[in-house]
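Next come two complexes, and both contain chain A; in the first it sits with chain B, in the second with chain C.
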Partner chain A sequence: MSELTISRRGLLAGSALLLVSTALPAIGFAQTPKKGGRLVLAADSEPRNLNPAIVASNGVFFISSKIVEALAEASFDGKDGLQPRLALSWEGAADGLSVTFKLRDGVKWHDGKPFSSADVAFSALQIWKPLQNLGRTVFKDLEAVDTPDELTAVFKFAKPTPFQLIRNALPALSSVVPKHLYENGKIEDNPANNAPVGTGPFKFAEYKAGQYYRLTRNDAYWGKDEPYLDEIVYQVLPDRTSAAAALEAEEIQLAAFSAVPLADLDRISKVPGLKVITKGYEGLTYQLVVEINHRRKELADLKVRQAIAHAIDKDFVVKTIFLGYAATATGPVPKSDPQFYTADVPTYPFDVAKANALLDEAGYKRADDGKRFALKLLPAPYFNETKQFGDYLRQALAAIGIDAEIVNNDSAAHIKAVYTDHAFDLAVGPPVFRGDPAISTTILVQSGIPDGVPFSNQGGYKNADLDALIVKASETLDTLARTGLYKEFQKKVAADLPLINVAEWSFISVARDTVGNIANNPRWAVSNWADTYLAG
Partner chain B sequence: MKRLRRLLHTPEAIAGALILALLIAMALAAPLLFPGDPQAIAGPALLPPFRDWSLPLGTDRLGRDVLAELVHGARTSLAVGLAAAAAALLIGAVVGTLAGFAGGLIDEVLMRMTDAFQTVPSFLLALAFVSIVGPSLGVVVAAIAISAWTGPARVARAEVLSIRERDYVAGARVIGMHPLGIAFREVLPNALPPVLALSSVIVAAAILTEAALSFLGLGDPNRVTWGSMIAEGRTVLRTAPFLSIVPGVALVLTVLGVYLAGEGVVESTAVRRSLS
Partner chain C sequence: MLSFENESSFAPPVQRPFAMTRALRLLRRRLVGSAFVLLIVVIGSFLLLEAAPGDAVDAYIVSTGGDAGMIELLRHRWGLDQSELTRLANYLWALLHLDLGQSVTFSRPISDIILERLPTTLILMGSATALSFGLGSALGIYAGARPGSFRDRFLSIGSLALYAVPGFWLGLVLIVVFAVDLRWLPIGGIETIASGKTGFSRAADVATHLVLPVSALGFIYLALYLRMMRAGMAEAWRQDFVLAARARGLPRRRIVLAHVARNALLPLITMLGLQSAQMLGGSVVIESVFAVPGLGRLAQEAVAGRDTPLLLGIILVSAVLVIAINLLVDLAYAVLDPRVGAGEASA
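This part shows the complex of A and B:
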């Protein structure tokens, strides 16, 4: 109780502060970040491998992007949408055969060893290219990385590689790990995969399975005065409904990646002290897609695919399933993408009569029971929304006489059924658009991909035209010409419907008012949080 | 008539029978009351109950009629409950009679198998079975039956052990009846009443197990079940609690009805026995 004694000076100072704060309401925005404090937030999954250089996925980045940094980060206003991290500048040669990175000086690994171009060369050649899920495609032609000095890394490509693609890939694909810890032994089994060592603003402290991850401040961080926070604690809350309750009880201060269910946002936005933030995920767009197995003779018919596209009420999906926190899709590139998106593609407005007419035309008349044919529908189990869309799609198909039987699987069984066994007719999938169609989008329609590659064309679709276009775009160096080819790609996909893009959505954060510098870049939730602070 | 009056001699039994009769009527009349697909989208999403009298219990997150789902869900729950209980009783009675009547090695083998099944928690067994074979109505029934037959098997065996020493069984032996004939024609029918007394408990447990499986997403996704309705409602528990409460109450009432009616039957047979 003794802490509560009030001195006259303290009271005066306090009331003066109060006066100032009421006189200057805008002061909250111009506030200089405060140092110290522990940020506690909700984590809904517990990735075992925390090495972002190997597993480039948002679940891993969410934690490890604070520890292991990339060469550059996405930015709202930076040149080419990037801001420097470990690299200060990047330049592509005109022939597309090399890219030169100038690296940041005076950077130290968490174990005290200096960071140098050798680490970048090692990460690129030994990890990104051979082991990383996304790097395998983007860096497939990377031949060597020259290191003329400690702070210069020159990427050499065997075939011309568009500089635009490398640039767009930097935030997600270029996490640099220390060579001195990884050069001996098998990289996949390295203990640093579970307790990462990086150059980032926070150091990995501990992980208690089923409870929390704890990161502590890196006092030797290169950013001036950064980071502001002393500690970040990821509280494992696998149950989505509990995140909202934990926020209200002030057990956590932040729930990112839509940990609070969409249906709760309206209520929670009215709770004093909490704010709902829809920004900060512009660089992480998920797409709601109907994957189609073209091996089914009915679905190999373009008219049937068009009928299905006409049968889906995209506005209903956005309004009812995503409660407005999404946008309708027109094609394989999301509307939110500033570089490649074109609206000039064939569209399929909601029209049940037209869908029925198309199916009649295709020769699939309704039988006496009103049904034309039956399909197996596999909704991906990762999101509530994908499951709900599966329920909706079944109803939408019933309206046009297609009898869809839903098959529910857990994640592992779903991936096996769709991408290895091809035991589906229609599937609902959430692929991610990563800022460039060549990173993870063209693979959804390209033919010749081996069985078992998740989130790729496993529906047996083959279109020589489209394949040629994809290859051509991957070799086109000129940014404008390349962008044009991808606009052509969107048109062709929307016209031939190898898959049906229904909606695009991103995530929502809910935070307490005291958390500052939230959502200040397009990949905020998976960026390094060096400037995040806790006020008050 | 006399039997019915005896059956309904307690208020609990009357209440149970009423609830059950209502449920069965509801389940049978579902296609008449709500023709078409109960999962069809019928109105605006998340409509609260008692606002729109064409959708008296409101709508769920996709705008499906909760009352239609509830009534059709009664069909699934009762069908699964009865089918699973019938299957469990059948397996249990056969295994128990064989074990009790044959004795010796057969008895040992069958009873150790029963032990083995009893040592695994029944819900886990059902869960494992469904996740391996894949969720569909038949599989769910089988999964519940294989985890519920052990009780009836033990009761049947105990009854058979005492019945097989009776005079009429010895008589049947003397006239040269086949042992299997004696077991299933003479012994089993007389051993059945106490086994059947278990049925109410098994039906109630089966309905709950089915609901729990659907709640975990292991029910048949193409049918409405109360368990899956509760699971659906859970994501919006704070904003639309009625979505979980309505099927939850239905589940409670059903289990209660089955149990009370079952108790009534058991007591009435007990009364009859003491009278004779």
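This part shows the complex of A and C:
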């Protein structure tokens, strides 16, 4: 396991460097960290709720991870891929019924009150478990949090819960908010949700709707000499083309989360003083997936699904749609994941003749007009790339005699059409892999999920074997055995194709050369930026 | 004051007290009519929005995901589990008390959100309208002074070309040239972030930020006024009173400005009223390109977020704006052309 991890990480670093080398001469940061300065960066959306303990999403983390800290953050080289934040250590009991966290001493909230285990207990029981979008699943069996002393929090679970899952969930799901500000009144209506108070390196200063968010240095931060920056300003730039222009005009110094469109990267990388960085998002992988409505009798036939998989030229998709800034996918766990990924799954090389033969075999012969049957295809509108892949898929399907009609919707309408009304045959979706298949991946193929749950199996797919495997993995405590089960899971999904994984991509940052310590952890854009600095 | 009422419209200078009463009557009649217009606008928009697939919760969970329980909780908290009719009735009832309600996605009072953005949009729209009207009609006079001349043809074709340019594209070109290459002007936003400027220097800062968006918005509509002015003047040149003026030996400059241009001005004023509504629409695009925090962008966000009460609030405020502008236009009309005012007043 560990051996595999190392070799795969080396491989990944290599491929990332390959990508980077085309765009930028050197990624090493020769400058020495410098104190002070205001970092201005582009923000393309304005989250309504900035409390990351309630809304664990990248849009919220992008801003509030600098203010509110989690128990641990992802790391390239730390044990279990983690580095300590508010927790110094974490230990799972063998029976899977408890996890003990030792907390950092001498940490203060931005309002000066001391941070203690009571805050962790409160956040876990009152927010993560009942209110948080992801925590409601992962912490569903959390029964109590004991606080034997100020710096120890013991999570007690009603049912055995894999320690590996809790560990993997820490960076995204464990943001701690101050009990003393939240214990009175309704948590959802708390004013601190819009002006967060945390322990992080930066304090929330002001928000001007439609204009900017401003964070200022927390002088009492626990990190020695940190943070380096005096201020972080998120300038709201709703138009994607303006981020590139703002970088060129030196009005902003950083555009993260691919705020600069892929098509502009080639040009922008040649602008002196700007660098294109593909690292720092390894822990935030998006998957390009063809969602399938198994209620359609044609699509319920495995041969038809295999034919569609063979009809898609994944290399072409990566090269043409993602301009190389992506990887082809083999199954439901991305290659970039260091713990669970296996390449040992059935694959579907691009082969139109084979796809046609499979469809003939399945009994869907071409009619006189060359068409076998017609489909409704709904590409998700959230990313340019999902829309472009929709256009590509329509052509790819036409080549094997399937006539796909593209239905374009805006986000709200797409969510309703696919996940509530099931008014689709094929859909293109970008689910997120969050470091553990149990957080938001198995739900994509598991049966018995109520209508209306987004990014879940709403295609009517039901496979008792797979369901049993998912349940078993969720109860398996041993890390090695659990990892093995998820490898099995990948094989089964790739074999039965409840959905088709096409590619995996992450985001890209463009920054001025003066911005230092960029991309030094796998969730960099949504981490605390305590060591980010501006040189010169 | 009273005796003027039945006098012929030839009495040239309009007296102020007379204009006041007329204005008040016009205002009263307009207000009654407007209330109905607004009611229809509100109910119509509500039904249209409800017909759009997906609700505020659908729009919200795009970025968060969530399980069935959380989604149900959200629908309940945002009042989306009530029937359409109940929500419409509640909204109208609150509206009757001048309460625009609470935005479901911003979780703030809608009147606050709108009031925050309204000044920006008003400044943007006002300046752009002034630019297109002022420059458009001036160029129109220049072109119309000699219909058929080279400068007339040049300006007409040039302005049409500008009119054909999509707003966002013109905006981007302006950004690339003036903000990226020349670096004379800021790329977007309404003022320098956290600059701490006050008073005059802040006003100057805002003005600098508005140059590009106002130009992008104003230049597009410039053609309308130019063409209209020019056409009106070409028409007026053929009128008898112009012939009479020339026969009297008036200087050409005076004929152009006082006789020809003044007569061509009236339709432009009408256009100004109509255009104000279009400007609101055009500002959606321009506000996005230049990251100006105005009502247009807010409306776009409200639609994307399926925030019905917020969008209704914006539509309502916009409708009031358009009604008010048209009222002003009518009043201006009454001042500029006594015949119109007399008709309104006695009707």
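Convention: the second predicted complex is superposed on the first by the 505 of 536 C-alpha atoms of A that agree within 3 Å, B and C clash if a C-alpha of one lies under 4 Å from a C-alpha of the other, contacts with A are read in each partner's own complex, and residues count from 1 in each chain.
Criterion: a contact is a pair of C-beta atoms (placed from the backbone, for glycine too) under 8 Å apart; a residue touches a chain by one contact, two chains touch by 3 or more.
The structure displayed is predicted, hence computed values, not measured ones.
Participant: Once chain A of both complexes is superposed, is A:241 in touch with chain B (first), chain C (second), both, or neither?
Facilitator: both
Participant: Tell me the contact category for A:211 with respect to chain B and chain C: first, second, both or neither.
Facilitator: second
Participant: Figure out whether A:152 sits in contact with chain B (first) or chain C (second), or with both, or with neither.
Facilitator: neither
Participant: Looking at the overlay, what does A:55 touch: chain B (first), chain C (second), both, or neither?
Facilitator: Touch status of A:55: second partner only.
Participant: First (chain B), second (chain C), both or neither: which does A:126 touch?
Facilitator: neither
Participant: So in the superposed three-chain picture, is A:406 touching just chain B, just chain C, both, or none of them (first/second/both/neither)?
Facilitator: Only chain B is touched by A:406; chain C is not.
Participant: Taking the superposition on A as described, I'd like to know which of chain B and chain C A:233 touches: first, second, both or neither.
Facilitator: second
Participant: For A:320, is the partner it touches chain B (first), chain C (second), both, or none of the two (neither)?
Facilitator: In the superposed model, A:320 contacts chain B only, not chain C.
Participant: Between chain C and chain B, which one touches more residues of chain A when both complexes sit on the common chain A?
Facilitator: Counting contacted residues of chain A, the larger count belongs to C.
Participant: Kindly classify A:264 by the partners it touches after superposition: chain B alone (first), chain C alone (second), both, or neither?
Facilitator: first
Participant: So which positions on chain A get touched by both chain B and chain C?
Facilitator: Shared contact residues on chain A: 241, 410.
Participant: Any idea which chain A residues touch chain B in the complex?
Facilitator: Residues 240-241, 244, 261, 263-264, 266-267, 320-321, 381, 384, 388, 391-392, 394-395, 398, 405-408, 410 of chain A touch chain B in their complex.
Participant: Which of the residues in chain B end up touching chain A in this complex?
Facilitator: 37, 39-41, 45-46, 61-63, 131, 134-135, 217-218, 221-222, 234-240
Participant: Which chain A residues qualify as touching chain C in the complex?
Facilitator: 40, 45, 47-49, 55-57, 59, 131, 133-134, 136-137, 188-189, 194, 206, 208-212, 214, 233, 235-239, 241-242, 245-246, 248-249, 251, 382, 409-417, 420-421, 440, 449-450, 452-455
Participant: Enumerate the contact residues on chain C facing chain A in the complex.
Facilitator: Listed in rising order, the residues of chain C that touch chain A are 52-56, 58-71, 77, 105-107, 113, 116-117, 168, 172, 175-176, 179-180, 183, 186-190, 193-194, 288-294, 297-298, 304-306.
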